[in-house]
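Data block below; observations after.
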Amino acid sequence: MRLDDVKAQRRAEAEEAAAILGAEIEFFDVGDYPLRVGEAELDRLVDVYRELNPAFVLTHALEDPYNFDHPVAAHLAQEARVIAQAAGHKPDHERRYSAPPVFLFEPHQPEQCNFKPQVILNIDSVWATKQRAFRVLAAQRHLWDYYERVALNRGVQGGRNSGTAMTYGEAYQRLFPMAAEVLS
Amino acid sequence: MRLDDVKAQRRAEAEEAAAILGAEIEFFDVGDYPLRVGEAELDRLVDVYRELNPAFVLTHALEDPYNFDHPVAAHLAQEARVIAQAAGHKPDHERRYSAPPVFLFEPHQPEQCNFKPQVILNIDSVWATKQRAFRVLAAQRHLWDYYERVALNRGVQGGRNSGTAMTYGEAYQRLFPMAAEVLS
Amino acid sequence: MRLDDVKAQRRAEAEEAAAILGAEIEFFDVGDYPLRVGEAELDRLVDVYRELNPAFVLTHALEDPYNFDHPVAAHLAQEARVIAQAAGHKPDHERRYSAPPVFLFEPHQPEQCNFKPQVILNIDSVWATKQRAFRVLAAQRHLWDYYERVALNRGVQGGRNSGTAMTYGEAYQRLFPMAAEVLS
Amino acid sequence: MRLDDVKAQRRAEAEEAAAILGAEIEFFDVGDYPLRVGEAELDRLVDVYRELNPAFVLTHALEDPYNFDHPVAAHLAQEARVIAQAAGHKPDHERRYSAPPVFLFEPHQPEQCNFKPQVILNIDSVWATKQRAFRVLAAQRHLWDYYERVALNRGVQGGRNSGTAMTYGEAYQRLFPMAAEVLS
Amino acid sequence: MRLDDVKAQRRAEAEEAAAILGAEIEFFDVGDYPLRVGEAELDRLVDVYRELNPAFVLTHALEDPYNFDHPVAAHLAQEARVIAQAAGHKPDHERRYSAPPVFLFEPHQPEQCNFKPQVILNIDSVWATKQRAFRVLAAQRHLWDYYERVALNRGVQGGRNSGTAMTYGEAYQRLFPMAAEVLS
Amino acid sequence: MRLDDVKAQRRAEAEEAAAILGAEIEFFDVGDYPLRVGEAELDRLVDVYRELNPAFVLTHALEDPYNFDHPVAAHLAQEARVIAQAAGHKPDHERRYSAPPVFLFEPHQPEQCNFKPQVILNIDSVWATKQRAFRVLAAQRHLWDYYERVALNRGVQGGRNSGTAMTYGEAYQRLFPMAAEVLS
């Protein structure tokens, strides 16, 4: 199979998964073996932050010795997030942007990536949808069961840490301190 | 001044500060140079957890090379929290206890204690009260200004991390992952 | 249920599990909420090391904020291992003891315990036996499925790290450098 | 305001601050949102090291998730420092260069940058001058009080760690072991 | 001496050392003050991996504040190792490649590089050969004794950790968990 | 050999070594397999601190999985150092005590003990004396050469880090930030 066919297929799958999730999706088309990003991609992502003003960011773990594209993507996500807040960057741009919290999702082998779960999100009510989206990715079929087991075990941990049972959980690491009005 | 006088004075100050905060206070009277705790204190604290069923726990940082009583107190607080949840411990005890989240408050020299701020609590609305309570502790007068500066700087950081200004902040480290229904 | 009944039941289960595994088992009977060990237990375990001269040691992780008995047990296992090698300890004792390698087995929430998998052991050929032994522990029934999922996911990781598929794996952290005659 | 105006103003401020401090200043003019440095900047900085043969280097912390230009600048400072010592680099260059110690100054949110204070410098005698220089930077007016509080609290810590009181302190992390003729 | 002469001499030495070791050697000729690698070098190294299908990889430590070329080389070695396994990379390429284990060799100042010895290899039977190869590198004559002492001390440590004496040892850090059929 | 004979011999050696060094020595006689310290030893060491008011403290590394007595000794040294400064401890005691800096000396396998060299002390002028003292310890004869190699290699590192050659060095980790009047 040629590279163009592979890319077309991956794109089609991603669009189908996004539709299931009700998500909008945008492709930067910069390859992943290796992933390299330049000023153009950074500038474009800064604009996305300012346009969307997202409530939070999900990105990859900061280290991953199995997937060298993941830390590059995470770095891009972080650097663009900061530049978007700089008054001096494209100063004419009218905006109400405030740098959002950043959550790192769990990598495949978390301890090798120095990933620390700090939040366990209860995903019981959306599990069926997530599973449907996940199963669109035919090339990663061997990971379906793997990640279902991850979700079940994070769910057990979420229940143990909170005292409130959950069946399916997702673990996240926060990059920044959380500002709070009350402790809980 | 004799030890008994010192202890009586510290106790009186602590009670006065607690009254200002609207807090109940209980003394284990086990000394602090050095602080050593045994089975009796552990057992007593387990009972406190079961009786109060607290929504959260505040304790010291896990390491502190300046204050050897702090990690001992933090260890006691943690171990009692876990035993209180053990079905096998005093099984007749009727209870509805669930091990609560634990927050470590900021030590005097945070980097030397490997303290990591993960939550910055906005304390603007209670700052005046906190300050009143703090100033009861005459023996720590040299720390009043120090900790006001800490609160002001954590407040600035809280604002920078959230985009919502606060004047006074308190930094906490969480010991356990936080279970969440939504990301924020 | 009284404490004696609980202990008798746990002991019976442990013996049954040991029999399935073909293991010898010995109880120190020192409680676990809290676990406290003194000179007598240390001395006894030193003797066990010298008598058995084990090829390796399996013990708990060095940190565990959910189970305060685990690090205490791991510390005892380590300290006894070292003392057993000291020529000055019970010098009349004839022996051929050499301090063995130490492996930490995976705790329930590995990242919270700073556990790092350094070895993934292929347990495919013994999985059925392990499962049978595990299921004897009726009080931990809620963990059966949990640990089966852990074993399956560690198996996937073992395959990914070595290029040789395994179905069930166990993750271990080594406490000491491994001496080797060849790299592999 | 256009970028050129911003840059001209920042440059004027920096020159005014440098004059107050009695420092020479040189601009590489490579932007900071984002900061990217190439071979030309590296080569130029190597020459600066060889020409000045500085007694020590001050640079940014190695990590800073709030300021992506800081670690880039710190990396450049370090790499140039090493190349300047390489005999093979521009071998005709006559020189007496020896790679100097490196000190990292305190970032805005030190714990988030894994910054560890290892030296606390007493700046009492130069505080008034530092403050004057700092106040030139009108764009960072909100940080004046912040950093005065930092200096006061580091001063308290300096006194606590040494037993000799200081009012204003600056915290530094050392990148390399310090060679010493006596312990103190 | 001009750069070309230096390079010719280093190349001759490296070839002579390789001949002593019975190793094949290939030069990428990309400089080292500074070392920068691009897509061409990455692609070339991916091909090497696929062609050789090595049993293991030796590379530099992940951090080294004294040698900025070392982490760059280690990163290249790692990234190419992963891409070589990607089915989508040059899909026509027939191959039987499986990503090999990675060992980091000991840097000059191991603690400053966060290097952790996890394997100590007994090199007694090849020490004479290693020494002969090492001594070819005339420019590093001051390091001959240094590294002989390192080898002797790692040998002592290897003996202490295993109970089996060795005279000369080499310390390695593993990048990935080791899959094992038995514990030892 | 009986324990009493072993102890008498170790004591004689230690006294002889101390005489060579011109040091005063005091034995607490609390054993080392295992080393356990109680209130009496702590209280006694507090008095020593107050009486001597030392300029600095040398003690063991904070972790050592090969020598369980070392971290216990280091903890005692630290806790006594802090209590000696407490105004409330034996308040009648007239004194001019100020808690001194603490230096950890290098353990046998530094990376396994998370030891970080922060100071490299030039010991060229006292090496002959140190060696003479060291050689008194007949039971550690196998370590003489080992530690000479350590000293030579730390000396090389000291020279590399400072640009000033030294032949023999000793590496230390500092426990607390160093207060300084100038950077160097």
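Lettered A, B, C, D, E and F in written order, each chain numbered from 1.
Methods note: a contact is a pair of C-beta atoms (placed from the backbone, for glycine too) under 8 Å apart; a residue touches a chain by one contact, two chains touch by 3 or more.
Everything quoted here is computed from the prediction, not taken from an experiment.
Between chain B and chain F, the least number of touch steps comes to 1. Chains that touch both chain E and chain F: C, D. Identification of common neighbours of chain D and chain E yields A, F.
Its C-alpha atoms superposed on chain E, chain A is turned by 120 degrees; the angle is given in steps of 5.
With respect to chain F, maximal separation of chain centres occurs for A (centres as means of Cα atoms). Summarising the inter-chain layout, the chain whose CA centre lies farthest from the centre of chain C is D. Note: centroid distance chain A to chain D, computed from Cα atoms, is 35 Å. Each of residues 66, 112, 117, 157, 176-177 in chain B touches at least two other chains.
Chains touching one another, given as pairs, are A-B, A-C, A-D, A-E, B-C, B-D, B-F, C-E, C-F, D-E, D-F, E-F.
Against chain A, in their complex, chain C makes its touches with residues 66, 108-112, 115-117, 142, 145-146, 149-150, 152-153, 156-157, 160. Interface residues of chain D facing chain E in the complex, by the touch rule stated above, are 39, 42, 78-79, 82-83, 86, 88-89, 91, 175-177.
Only residues 55-56, 98-99, 101, 103, 117-122, 157-159, 161-164, 166, 169, 171-172, 174, 176-184 of chain C touch chain E when the two sit together in their complex. Listing the residues of chain E that touch chain D in their complex gives 1-3, 6, 33-34, 36, 65-68, 112.
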